[in-house]
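In what follows, chain A forms one complex with chain B and a second complex with chain C.
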Partner chain A sequence: MEFIFYFGDVFTPINFGLLLLGTIGGLILGATPGLSPTMAVALLIPFTFQLEAAQGLILLGAAYTSTVAGGAVSAILLKIPGAPANIATTLDGHTMAKNGQGAKALQLSFLASAVGGVFGVLLLIFLTPVLAKWALAFGPSHLFWLAILGVTVIGTLDSKSVVKGLLSGCIGLWLATIGFDDIMGAQRFIFHPALGGGINIIAALIGLFAIPQVITMFAKGRVASGAEVIEVQKHSVVDAMKELMRNKRAMGIGTITGSIIGLIPGVGGQIAGLVAYDQSKKFSPDRDKFGTGHPEGVIAAEAANNAMVGPSLVPLLTLSIPGSPTAAVLLGGLLIHGIFPGTDLFDNHPDVAWTFINSMLIGQILMCIFGLYVAGMAAKVARVPQSIMAAIVLGLAVFGSYSVQSSMGDVYVMASLGVMMYFLERFGFSAAPLVLGLILGPIAEANFIQGSMIANATDGLTPYFFGGTLNIFLIAVVILSVLYSGYMELRSRRYTSKEEIIA
Partner chain B sequence: MKRLLAGAAMAVMGLTGSAYADGHGDFPDRPIMMVVSYGAGGATDFQARIVTMTAGNEDALGMPIAILNKPGAGGRVGWNWFATQADADGYTLSAYNIPHFIAQSIKGGVEYSSDSFEPIANWGADPAVLVVGADSEFNTLQDVVDFTKANPGKLTTSGAGLFVGHHIAALQMEKAGNMKMAYIPTKGGGAAAMKAVIAGDVMAGINNLSDAFRAAQAGNVKILAVADLERNEFLPDVPTMKEAGLDVDNSSVNFRGIMVPKGTPDAIIEKLAATVPAMFDNKRVTGKMKAGGSPMHVMTRDEVKAMWAAREETLKELLAGL
Partner chain C sequence: MSDLSLPRIQHIAASGVVAAVGIWVTYVSYTQQPSEAFLFPRLIATIFVVLAIWTFIKACLGWTKVGNGITTRQFTNLLPGLVVALIYIFWAAKGLGFYTATSIAFFILLSLYDPAPHAAIKSWVKRAIVTACFMVVMYLLFATLLKVYTPREIFF
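After this line comes the complex of A and B, so read on.
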């Protein structure tokens, strides 16, 4: 209960001002394509040099929270996921925006983010010691199986045909092998100097999602643009809250999946949204509506990616191991003030630790209020004529992919992947499984190789990868997931006509 | 902010004024950019930001240094860019990591060697240390050596990738002890390697002193030995490997400093080499570095040149036949 004691510190004028600044700034940075939460926090670090430790962390914590949620804005309105966390949001969110329900999608996403986010931070406050053990429980073999579990989702994610889903997943897995491999020291498929560092995930995301859409808009030409102005429906916040209450299942699945997966160092943040989306689809009676602008999809994805924020800091705050790139940047913010995360932080600087955690709690709520305020206005973006919109999105795509690591190479990667995706989409492939392959490939590969190196030096491959409760549990879930997909595929075949399959 | 604005204004002025700056007498007359080949938040980035934060002071360069991260492939992306595309006019600096870039250039596949760059000054030296989990049965380096000799190839040891300081230290340990360890490179740098030790995924690990010091303070690991010539001020009780019986020198120490591309005018190199070491010795800089647990080791251009040459020689010998 120690955290309540430090609540007052959040509300001193300077601290609260910084919290507001971090939240609003974070929303704007998060909504800008290419500025991922990691980037946004890194940009703010130099400003914290001049501040006190607690104040600096308030700014960083608020910015982290709200950039994750802010990413939903560009995901929904422009179909550019700001970070891997927002991929799942585009699937239903952007479709809703195209149907004129942009305001509703944004409101739902901010409300769901706040609920998930508050839950995640509460977990961080009350269960940190337990969670720290859980975070450490995942060794290379477990992370390998976890990645395989992700691979089983690929076939059914956002595509009508399992085969096409798997194929585009394979393209993603191949793209993931490009670059210099840290573990074996091999150079793979570096056929252009821009690929030396591998394919940057943010640049790939922007290209795969935004560029096909830009080309489609340009291809329509100027004639059609006037006729296609979407009417933006107004949507009241009260209705959005009611809608959220109706979708308790998606909300719950999103929050819990996000919190559990967010905890796992190195993996969590990237796939929490997608796994939650897939799970709530599997458990929903309206699973056919997913992908066509279904509110449940937005709610599950956004609840999950904000629920992840709190738990993702557990390994950093307790064990001093940054579990995600953003946590690594936050570590820098702590070290600059001479504070070491771990026991030192909670024993010797409780004022810093708890003020930081509390500010994330309050930050979630502030983020929700500001988010809801802008939702109505932001949704009007959909009314911008398509030809202008295409130019704006293209500009943002170039800016976003360049700014990730100030490299023109990333812009080339973004553009070529985008053009490739445009043609793939015309043949019924979709971007989400491809991106999932791109994310999971390195996780599965690195952990398999590391695991097998350890296994070969110790007790052999079979006991290492198939022994132990957690391994067996994960394998069981993988098998269940495959069986379930197979069953659903068979059942849907029975009820679909030949023509539908061909289409 | 004021400094930034002033910097931006000077940058604009610099564009028009560069024509008469041939003598380099007024260098620098606009803000300077420094490339860091690792991601934001990593140890190199963190330290680079601290040591350059007083660059704008009148007694230093009088112009701010902005950090630009170009991460990827263990630093290769940033250094490739720096060697081939950076302007050699003194306004583009880069941080270097020894032994990383020298080892990479020896192994090949990159567009630089130690001849592509001119060192300016060194700011930090982060030795590699041997760590084991807090509840490990190993308590001294001798315990580890005994185990490894009795069980060749069974001591799983994590480190941050191939041809980095950690890997070099492991190779040197194997050579000095005439033994075989199982070096497990991790993806995700020193943090992932440290996690593997704390979680018990591996039996031991080689990691940066600065990160290991924090983990030891938190009670998560035991530090058994330092791969350096002398004991470290942060860890006065931990023996060097040599003291503990393994003939390992300081070749794996991660030296960090500033360099410029080859071809930068001599006048500018001299000006930088004269001012930068003093900038590192600034009280605010040393205070922040110490607070962050980052060991400092300021070296002048000539000292760095000698160090580079010595490293090149040892690494060539060590990496031959790998």
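After this line comes the complex of A and C, so read on.
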């Protein structure tokens, strides 16, 4: 119950102001198609340099939470999901809006998001300290395998191709080794002076998430958004609450499904929303109404995609393993303040950890309150031409990456990685495992070297890295995740066929 | 290989570049000294090169199932914007000064991709106003609030 002692810290004028700013800004950014939560959080990191660690994390956490919820606005009013997590919301939400129930759909989506989100953050509050204590038992070999697990799971589950996902992870792990070796001081892969200090994580995150979006907008050419915003009629919030209470089953399915999926690294909000929608449909007596503007569809999808936000941070805050690309960006936000997640965070910086987590709890409620008022404005922002969005994101990316260390080298790295990532994505590679490799690379290497030294002084490398219950368990999970994803890839044939590629 | 279509050629080229990088990384990891500093890179490079060559072979055989490549239309659409962005980042930002270069790049990008008709004076005025507003916000955010001192070189 330690978190209760730090509740007051959320309500200091600066902290609460940042929470409001992050929530309202996140709702607007989330409603903008093409601006993913990960990219929004990455672009915000440079603005946290001058803030204290807890303040920076409050801003980033609020933006993360509300961009996921804000994506529902454009999903409902424009039929364009603001983020992949809102795809399932579009199925019934937009039909409701077309039937003159836009306000009701928005109210249900924000209320369901808040309930799911609060449950998810409570799970984060109660699971994190227990797991953080458990993490104390982890030695270098376990931490090495955990880092590899983080890259492998995201590489296999988050990618359309297992091989390309793993290859993306390897590219990220290699990029992390560029620069001077920490132990010997040797130069590694420095083929340009800009890489002398290694690849700056923040600049890399901005480049990898923002620049491909900018180029994607360029690739569409001179096109108007063409999106028609549906006018929202007034609807009583009390009635929406009653409707939510009548749909407890969908609410429960969405919340539980989202929370469980959030705990699994690499699965993400898109899957959470779709699985919850599907399960809710299966268990509903009105399953035939799904897809025709049924409130249960909106409730299940939105409860799930916000319920996964809190649990997705559990592996990050306990084991330093980001469970999602956005969590990886938040890790970057922690590292720039010299704070490492895990036991260090809860033992040495409990004020930072608990103020951040508590702010996410309060943020869910603020998001619900402001969501309803900001929705109309956010929908207008969603109509901003892509040409303007592309130019704004490009400008922010350049200024943001420069401001990290006042170095043009970081800007060059940001741009090079971004352009490279755009082309790699066109050929089936994925940014998420690459980012995870880049972030977890130093953790994996440090523990590999430390473990090798211990192993050489004791039993040898093989027994040290491949012996012991925990090592075997982690290796088994790595192998199983690869085999499972490979099996699913072959079985479901869910990807573009060879004929389609060649055509 | 006579049925090589554009996406397949693109897949071969893309995976070929990745494989070449993998081979280079592996070569450097196994040949550079001190070898202790390259212990972890060797581990990564070995897996990297195996997966990269596998991907390249699959692309050559036409077995690639993921990734639709870039169509000629997409490429011609993105090329002007990409060229402007690269000139802005790799030359103009440092050479002209951040704010000047950003204003010019922003205005050019709007002009290139804004669907509003080029013949209408109103659309040019709108682009100029949007550019000016954006620069004011950027200046307030970065120069005033965050105190970031950007290169100013020839101009502001």
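Criterion: the second predicted complex is superposed on the first by the 267 of 503 C-alpha atoms of A that agree within 3 Å, B and C clash if a C-alpha of one lies under 4 Å from a C-alpha of the other, contacts with A are read in each partner's own complex, and residues count from 1 in each chain.
Convention: a contact is a pair of C-beta atoms (placed from the backbone, for glycine too) under 8 Å apart; a residue touches a chain by one contact, two chains touch by 3 or more.
Note that the coordinates shown come from a computational prediction; the quantities given were computed from them, not determined experimentally.
Engineer: Where does A:Pro322 make contact in the superposed view: on chain B (first), on chain C (second), on both, or on neither?
Structural biologist: A:Pro322 contacts chain B only, not chain C.
Engineer: Is A:Leu173 touching the first partner chain B, the second partner chain C, both, or neither of them?
Structural biologist: Once the two structures are laid over each other on A, A:Leu173 reaches chain C alone.
Engineer: Regarding the shared-chain residue A:Phe49, is it in contact with chain B (first), chain C (second), both, or neither?
Structural biologist: both
Engineer: Based on the superposed arrangement, let me know which partner A:Ser406 touches: chain B (first), chain C (second), both, or neither?
Structural biologist: It touches chain B and chain C both.
Engineer: Go through the superposed model and pick first if A:Ser161 touches only chain B, second if only chain C, both, or neither.
Structural biologist: In the superposition, A:Ser161 touches chain C alone.
Engineer: Just chain B (first), just chain C (second), both, or neither: which does A:Thr343 touch?
Structural biologist: Touch status of A:Thr343: first partner only.
Engineer: Of the two partner chains, chain B (first) and chain C (second), which one does A:Ile183 touch, if any: first, second, both, or neither?
Structural biologist: both
Engineer: Of chain B and chain C, which one touches more residues of chain A?
Structural biologist: Ranking chain B and chain C by residues of chain A touched puts C first.
Engineer: Between chain B and chain C, whom does A:Ile388 touch in the aligned arrangement: first, second, both, or neither?
Structural biologist: second
Engineer: Shared contact residues on chain A for chain B and chain C?
Structural biologist: 46, 49, 183-184, 406
Engineer: For a test of understanding, state which residues of chain B touch chain A in their complex under the given definition.
Structural biologist: My answer: residues 39-42, 45-46, 49-50, 53, 68-74, 76-77, 80-81, 107, 109, 153-156, 161-163, 182, 184-188, 191-192, 194-196, 198-202, 214-215, 217-220, 288, 290-294.
Engineer: Could you please specify the touching residues of chain C with respect to chain A in the complex?
Structural biologist: Checking each residue of chain C against chain A gives 3, 5, 7-8, 10-11, 14-15, 18, 21-22, 25, 28, 32-34, 36-41, 43-45, 47-48, 51-52, 54-55, 58, 62-70, 73-75, 77-78, 80-82, 85-86, 88-90, 93-94, 98, 102, 105-106, 109-110, 112-115, 130, 134, 138, 141-142, 146-151.
Engineer: Within the complex, which stretch of chain A touches chain C?
Structural biologist: Contact set of chain A toward chain C: 46-47, 49-50, 160-161, 163-164, 166-167, 170-171, 173-174, 177, 181, 183-184, 186, 188-189, 214-215, 217-224, 385-388, 390-392, 394-396, 398-399, 402-403, 406, 408, 411-412, 415, 419, 423-429, 444-445, 448-449, 452, 495-498, 500-503.
Engineer: For the complex, give me every residue of chain A touching chain B.
Structural biologist: 38-39, 42, 45-46, 49, 136-140, 179-180, 182-185, 187, 193, 196-198, 200, 265-266, 315, 319-322, 325, 328-332, 335-338, 340-344, 405-407, 442, 446, 450, 453-454, 456-458
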